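Take a look at the structures below.
Heads up, the next two complexes both have chain A, just with different partners, chain B and then chain C.
Now for the complex of A and B:
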C-alpha cells in the first residue's frame, strides 16, 4: 500500500514540473493566440542560467535567489522577443507566429552549446531538500514534496492574479474575445507583452527548478515542448486549472502505467490526448472557440487560375528545371529529387491548410505511411517498383481516411493537436513493432529498379510527379469541390446553411492531402533506399508546416516556393556548417519579419500594388513574380 | 570547426554543379559523417580525436606520399540527412571511403547506402549487432566493440555475482532492446538459476526517473542492469541515490565508465557499479601513453572515449588506404579484411568473417575520488575473446 502512495506522490511531483511550464504556454496561447514553439527553449535557457548562477552563488539564499533570478532574466529575454519580433507579426495569418518561434528555438539550441559547451551539466541539489523522507519503508525525495506543494501554490497565485487583479480581468477578457478588448480601448500591446513575460517566466522557473534532479543539456527543450502542448490541449486551451488537472492526469497515468506496460511512456500522453479530444473536443476544461469574426477570405487577394501567360511562364520554369541533368552532377540531381519530393509533401499540406483552413501538425504520418507502404510491398511482397509506387501511397490514404474522420470533427488548434496525436501513435507503432517495421533500425534496401536508378532518371520521375501533383491540386482548388472546401474554411455555418455537407468535404480534403503526402513518401523511400520511423516524426511534420508558412499560407501554391527555399537552404547549411540551426533559425526569423505573408504572399501583394498603380496596359512586370505561384 | 575552411571549396563545388571535384586530385579524401549538432558531448571529443589522427598521418608522410584530407559532415541525427551527406561526399567530393556515424540507425542507413553505391564504409560508433551480422554487407566494417561484445564482457563479471533476482532499465529503442536481449540470453546461459523480475523501458531522452526507480524498487531485485546513458543516466542516478535504489544492490551498467557519461555525475557517482568504459587516467601502456601525451599536448584537455574512437577510425582508415594503394572499393575491402593495426588499446584486427574489429573495452567498477567519478579495478577486455564462434557468426550474417 505504501508503495502505491509513494508512486502517486512521485507522479504528483512530475505533474508539478509539467504544470509550471504548461501553465505559461496556456496563458500565452489564450491571450495572444501564439503557438509558442519557443516555450521549450525558454525552459531550457532558464535551466542553463540557473545552473550558472547556482554554481556562483552559494548558500540557501544563493540557490533560491538564483532560481528566481534566472526566471526573471529569461522573462526579460521573453519581453525582448515579444517586442522586437512578435509584435511585428500579430496581424500575419494564423500560425505564422509559429514560424518565428520555431526559428528562435533553432537558434537557441545552437547558442546554448556555444555558450555553455557540449557536455551535460549537473547542477547542485537544493539546500534543505537533499535527502529523502521515509514513508513506511519507501523513500520520497524531499525535493519531490517541495514540488508537490509548489504546484498548487503556483496555481493559487495564478488564480488570484486572474480573479482579483485588473490585469487578470483584462487577460481573461482577452482570452475570451481579444478584438472586443481592443475595441474597448485597452492597450493591447502592453497586455500582450506582459502576458508573454508571465508565461515565459513560468517556463523558465520550471526549467530552473529541474536543476536539482535533471541534467542541463541542449536537447531539454524538445524533450518537454511537445508534452507541454499536449497537457495544455488536454486541459483546454487557456485554462490554468485544466492544465493542472491534465498534468496530474498524464503524470499519474504514466507512473502507474509503467507498472503494467513498461513501454507505455513513449506514447501515453498522445493516447490520452486522442481519447480526450475525441470525447471532449475542447479539452477537459476548455470552451468552444467563438466563431471567427474575420473570414480569412477577406484578407487574401481573390484567388484566380493562372492566366495563359503565367501558365507559359510556369511551363518554362518546369522545362528549365527538367534540363538540370544536362549540366548538374549526381549529387545536385539527388538533392533536386529530394526537393521535388518535399514540394509534393508541402503542397499536400498546403492544400489542407490554405484551401481547407485545416492546419495539420502531424502531416508526416501520411508521408511516412506512404514510405512504409512502399517498403512493405517491395521487401515483403517483392512487387516491382512501379506497382509499389502506385499502391504504396494507399497506406497513407487509408491512414488519412481513418484519422481524418475523427480529426475533421474538430477545428483550429484542437484539430492540429489531434492530428499530432495520431501521427505520434503511428510513429510509435512503427517504432515499437520491431518484427514488422524493424523498429528504429528501419527497413533497408528499398532501392529503385534499374530504369529509375540513375540520379537523372529519378530526378525526372520526382520532378514529373511533383509537377503533376501541383497541377492536380491547383485544378482541384478551382473545381466545384475546391470552392466548397473554401466555403467550409471561410464560414462553416453558412456552408452548411446552403446545403453543403461540410464535414464530408473536409474529410475528403484530408484524404486527398494524406494520399498526396503518401505519394511523396513513396518516392522518398526509393530516393533514400530505406524507411525509418523518422519519416513519420514530429520534426518532419514541423518541416512541412514551416515550408507552407514560408511560402505563404494565403496563396494558391506558395508551398512550392516555400519547399524549394527551405529544403535547399537546409541541405546546403547542414553541409556547410555545424551551426546550421543557428543560421537557419536566424534566416527564418528574418523572413518572418520581412515577409509577414510568406515569400509568395508578399510577392503577390507587391505585384498587386504595382498592378493597381500602373496603367492596365502594362501588367508585364508582374508576370515573372506571379508565375512563381 | 577548423576543417571548415575547406568547405569554401565545397560550396564552390556545389555551385558549379559538382564538377569541381578534380581540383585537388593529389589528396586522398575520406568522407566523415557524424551527429555533431545532435550529440556534441560525444562528437566534440570524437572530432578532436580524428583531427589528431589526420595530423599524425600527414606528419608521417601521408598515405603513400599523398596528403590525407578528411571532409566532415553533420547528419543532425537523422538517417535521411546522413544519406544526403554520404551522397554529397561520394558524388561531388569524390571521397575514397566513408567513415563515422554514431547512432545505430544512421550507421545502418549509411551502410545500406555504401552497399548500394559500392563504397567502402568504416562505421565508427554504432553499436548495433545488425551492422556486422543480420544486416551486414561486404562494404561495411565496424570499429567499436558491438553490443554483443560489451554484453559478453559484462556478463563475465555479472555471472559471478551471487544475485539471482535481476531487473533491467533500458532506453526504449533498438540499442537498449538489443543490449538487454543479449545480456539476458548470455546471462541465462551461464546462470540458469537467474530470475528476471522487472524491466523498465523509459523513452530515450525522456525518462521520468522517479516512477521508474520506484517501479524497479517495488520488484525488489538483487541486481539491476542499466543501459541508459547521457541525461537519462543522470536523472536515474540522482533519483536512485535519493530513493536508495542502489543500496545493497549490485548494478551492472553499459557504457557508464566512459568519461562522457561518468564525468557529469560528479559527486553523485554511485560506487561499485560494474561498467564498461575508458579509464584514461589509469591505463599504463606505451601505446596509450603516446596517444594521451599527443592528445593533451594538442588540446590541453583529457581524452574521452569518443576521442579514442575518432582517432582510431582515421588511423585504421589510413592504414587500409595505405595497404590497398588505391581507392578502388574492392581493393580496400581486400586490404581491410584481416588487417591488423596498432591502436591506443593495443593491436586490433578487422576480422575477415564479419568485418568487426577486435577493439576491446575496459571493464571495471565505479568509485568516487575527490568528488569525481572514476573507474577502478579496471582491466582491458580484448574484443576477440568476446565474439561468438565462427560457425555461429556465419549463421548470423547473410552471404555477400
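Now for the complex of A and C:
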C-alpha cells in the first residue's frame, strides 16, 4: 500500500513541471493563437542556464536565486524571439506558425550542444531538500514534496494574476476576442509580448526546477513538448485549470502505467487521451472553438490537371531520371533512390495536408511503420521481398486507420498536436519494446533480394514506385473523392449541408496518405538494410512538412519538387557540417517568413504575372504574410 | 406517405439557451411549390428556428416532419439526402475551387460517388453542372475561381448547389442579405420561378420587406421566439400586432416589460 502512495506522490511531483510548461503554452495560445512548438526548447534552455548558474552561485540563496534568474533570462530571450520572429507571422496560417517555432527548436538543439556540449549534465541537489522522508519503509525525496506543493501554489498565483490585475483582465479579454481588445485601444503588441514572456518564464521555470531531479540533456525539449501537447489536448488549450488537472492525470498515468505495462506505459496515456477526445474533442476544460482559418496555405488558385504538353514534359523528366544509372556511380544512385523514396513520403503528406487541409506533424509514424512492417515480415516470417514490399505498408495502413480515426475528429492545431503525439507514441513503442523491435539497436539485415540488390536496379525500383505513387495520388486529387476532400478543406459547413460525411472523407484520406507513406518506408528499409526508431521520429515528420512547404503547400506538384530539392540539399548539408539542425532550423524560418509560397508556388506566380504582363516588383517578397488573409 | 401530409410540418419547436427562450412552441407547415417567408425583428429566433429545420441545431422539444417522416434528430447531411437543400446567411462555398467544381461536388455527393478514387472529377456530370449554373444565370462564370466572385454571385452559386440534389424543399437563410437592391429582386424572382416550375417548397427568412411582400405566397411572423401572425402578405400587412412589432410599439412594450421584470 505504502508503495502505491509513494508512486502516487512521485506522479504528483512530476506533474509540477509539466503543469508549468503546459500552462505557459496555454496562456500563449489563448492570447496569440500561436501554438508555440519552441516551448520545449525554452524549457530546455531554462534547465541549462539554471545548471550553469547553480554551479557558479553557492549557498541556498544562490541556488534558488539561480532558478529564478534562469527563468527570467529565458523570458528575455522569449521577448526577443517574439519581437523578431513571431510578430511577422501572427497572421500567417497556423501551419506556418508551428513550423517557424519548430525551426527555432531545431536551432536551439544545436546551439545547446555547441555551448554546453553533448553530455548529460547532473545538477546540484536543492539546498534544504536534499534528503528523503521515510514513509512506511518507502523513501520519498523531500524535493518531490516541495514540487507537489509548488504546483497548486503556482496555479493560485496565476489565478490571482488573471483575476486581480489589470493585465490579467486584458489577457482574459484578449483570449475571448482579441480584435475587440485592439479596438478598445489596448496596445496589442506589448500585450502579446508580455504574455509570451510570462508563458516562456513558466516553461523555463519548469525546466530549471527539474535539475535536482533529472540530468540536463539536449533531447529533453522534444520529450516534454510531446507530453505537454498531450496535456493541453486532454485539458483543453487555453485553460490553466485544464492544464493542471491534465498534468496531474498524465503524470499519474505514467507513474502507474509503468507498473501495469512496464515496457509500453505510454499506451495508457494514449487510451485516456483517446477517450477524452471522443467525449470532449476540445478537452476537459476547453471550449469548442469555431473553425477560424480554412486553408493550409495562403490563397489557393483552383487546381487543374496537367495539360498534354505538361504530361509530356513530366514523362521526359522521368525518362531522363531513369537514365541516371548509365553515367552515375553507386553513391549517386543510392542518393537517387533515397530521393525517390522521399518523393513518395512527401506526396503522401501533401495529399493529406494540401488536398485535405490536415497538416500532420507525425506523418513519419506511418513511414516508419511501413519500414518495420517489412522488417518483421522479412526477418521473422522470412517472406520474399516482393511479398514484403506489398504487405509491409499495411502496417502503416493499420496505424493510420487507428490514429487517423481519432485525429480527424479534430482540426487545425489540435490535429497537428495529436498527430505529433501519436507519432511519438509509436516511436516510444519501437524504442521501448526491445524484445520485438530491437529497441535502439533496430532490426538489421533487411537486404533486398538479388534482383534488386544492385544500386541501379534498386534505383529503378524506387523511381518506378515513386512515379506510380505520384501519378496515383495526382489522379486522386482530380477524382470525385479528391473533389470531396478539397471541399471538406474549404468549408465543413457546406460539405455537411450537401450530404457529405466530412470526417469519413478525411479519415479515408488519412489512411491513403498513411499507406502511401508506408510504401516509402518499406522501400527505405531495403535501401538502408535496417530499421531504427528514428525512421518514425519527429525530425523525419518535420522533413516531410518542410519538403511540402518548400515545394509549395498550395500547389499540386510542389511536393515532388520540394522533396528533390530538399533531400539533395539535406544530404549535401549533412556531409558538409555538423550543425545541420542549426542550418535547417534557420532555413525553415526563412521559408516561412520570406518565401511562404514555396518553389512551385513562386514559379506559378511568375508565370501568371508574365501572362498578365503586369509591371515587375513583387509584393510577395515585400509583404509575404500580410496579404495572406 | 399519406396524401394529406404537407411537405414540411413543424410542430411545437422549442429551444432555450440557458434562461433565454429563443424559440417557444413554433408550429407551421409548408406545401410543395409554396413560397413561405419567415420574418421577424432581430433576435426574434428566426435563425435558431431555421437551423433546427435541417438538423444544424437540435430543438429541446417539438418535431420537424418532411412528408410525414420525422427528421428532427437527423444530421444535416441526412436531411439533405432526403431532399432538403439550403443556403446560408453568410455564404458557405468552396473558395479554392471553380464555380463549376463547387456544383460538381454537390453532384458527386448526390450521385453517391464520394469514394470514387480514380474517376475523372472534371468531367463528372459536367453537363448537369452547366445546366444548373445556366439556370441561376452563372453559366458564364463556370471556370472562375469561386473566391473571386462578387457576393451576389456567391448567393446565386449557393442556389445552384442547393438545387443539385433535385430538392423537394429549399431553405434559404436571408438569401438576399448583403446584396444590392437590383440583385435582390433578380434572385428572388429567379427562386420563385424555379420553385413554381419544379414544384419545390421554399422557406426563407428575410429582412427586406419589399422582397418578402412581393415574392412570398404566405408569411409567418416570429417575435421573441413566438409565432405572432400567419397569413397572406395582405393579411400580415394589416395585422396590428405585426405593425406594432415592426413600427416600434413592440420596443416600447418590450422596454416597459423589462422594467417591470427588473423592478
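In this text, the second predicted complex is superposed on the first by the 464 of 629 C-alpha atoms of A that agree within 3 Å, B and C clash if a C-alpha of one lies under 4 Å from a C-alpha of the other, contacts with A are read in each partner's own complex, and residues count from 1 in each chain.
Everything below uses one rule, namely that a contact is a pair of C-beta atoms (placed from the backbone, for glycine too) under 8 Å apart; a residue touches a chain by one contact, two chains touch by 3 or more.
Source: prediction; values computed, not measured.
Asks: Per the overlay, which chain contacts more chain A residues, chain B or chain C?
Replies: After superposing on chain A, more of chain A is contacted by B.
Asks: Which of the two partners, first being chain B and second being chain C, lies in contact with A:354: first, second, both, or neither?
Replies: A:354 sits against neither chain B nor chain C.
Asks: Using the touch definition from the top, say if A:482 reaches chain B (first), chain C (second), both or neither.
Replies: second
Asks: Output check: A:32 vs chain B and chain C. Expected answer is one of first, second, both, neither. What do you get?
Replies: neither
Asks: Check whether A:11 is in contact with chain B, with chain C, with both or with neither, and answer first, second, both or neither.
Replies: Only chain B is touched by A:11; chain C is not.
Asks: Going by the contact rule set out at the top, does A:497 touch chain B (first), chain C (second), both, or neither?
Replies: It touches chain C, and chain B stays clear.
Asks: Kindly classify A:213 by the partners it touches after superposition: chain B alone (first), chain C alone (second), both, or neither?
Replies: first
Asks: Would you check which partner chain A:557 touches, where first means chain B only, second means chain C only, and both and neither mean what they say?
Replies: Once the two structures are laid over each other on A, A:557 reaches no partner at all.
Asks: What part of chain A is in contact with chain C in the complex they form?
Replies: Touch list, chain A to chain C: 294-295, 299-305, 472, 475-476, 478-484, 486-487, 489-491, 493-501, 505, 508, 512.
Asks: With touch defined as at the start, can you tell me which chain A residues reach chain B in the complex?
Replies: 3, 6-7, 10-11, 13-14, 109-110, 113, 118-122, 130-132, 138-141, 143-144, 212-215, 217-220, 223, 227, 251, 254-255, 258-259, 262-263, 265-266, 327-332, 334-335, 338, 431-432, 434, 439-442, 444-445, 447, 455, 524, 528-530, 532, 534-535, 539, 571-572, 574-581
Asks: In the complex of these two chains, what residues of chain B are touching chain A?
Replies: 1, 4, 7, 10-11, 14, 17-19, 36-38, 40-41, 43-44, 73-76, 78-81, 83-85, 87-88, 91-92, 104-105, 108-109, 112-113, 115-116, 128, 130, 135, 172-174, 177, 198-203, 205-206, 208-212, 214-215, 217-218, 230-231, 234-235, 238-239, 242-244, 260, 263-266, 268
Asks: Which of the residues in chain C come into contact with chain A in the complex?
Replies: 54, 75-78, 80-81, 85-86, 88, 92-98, 101, 104-106, 108-110, 113-122, 124, 145-147, 161, 164-165
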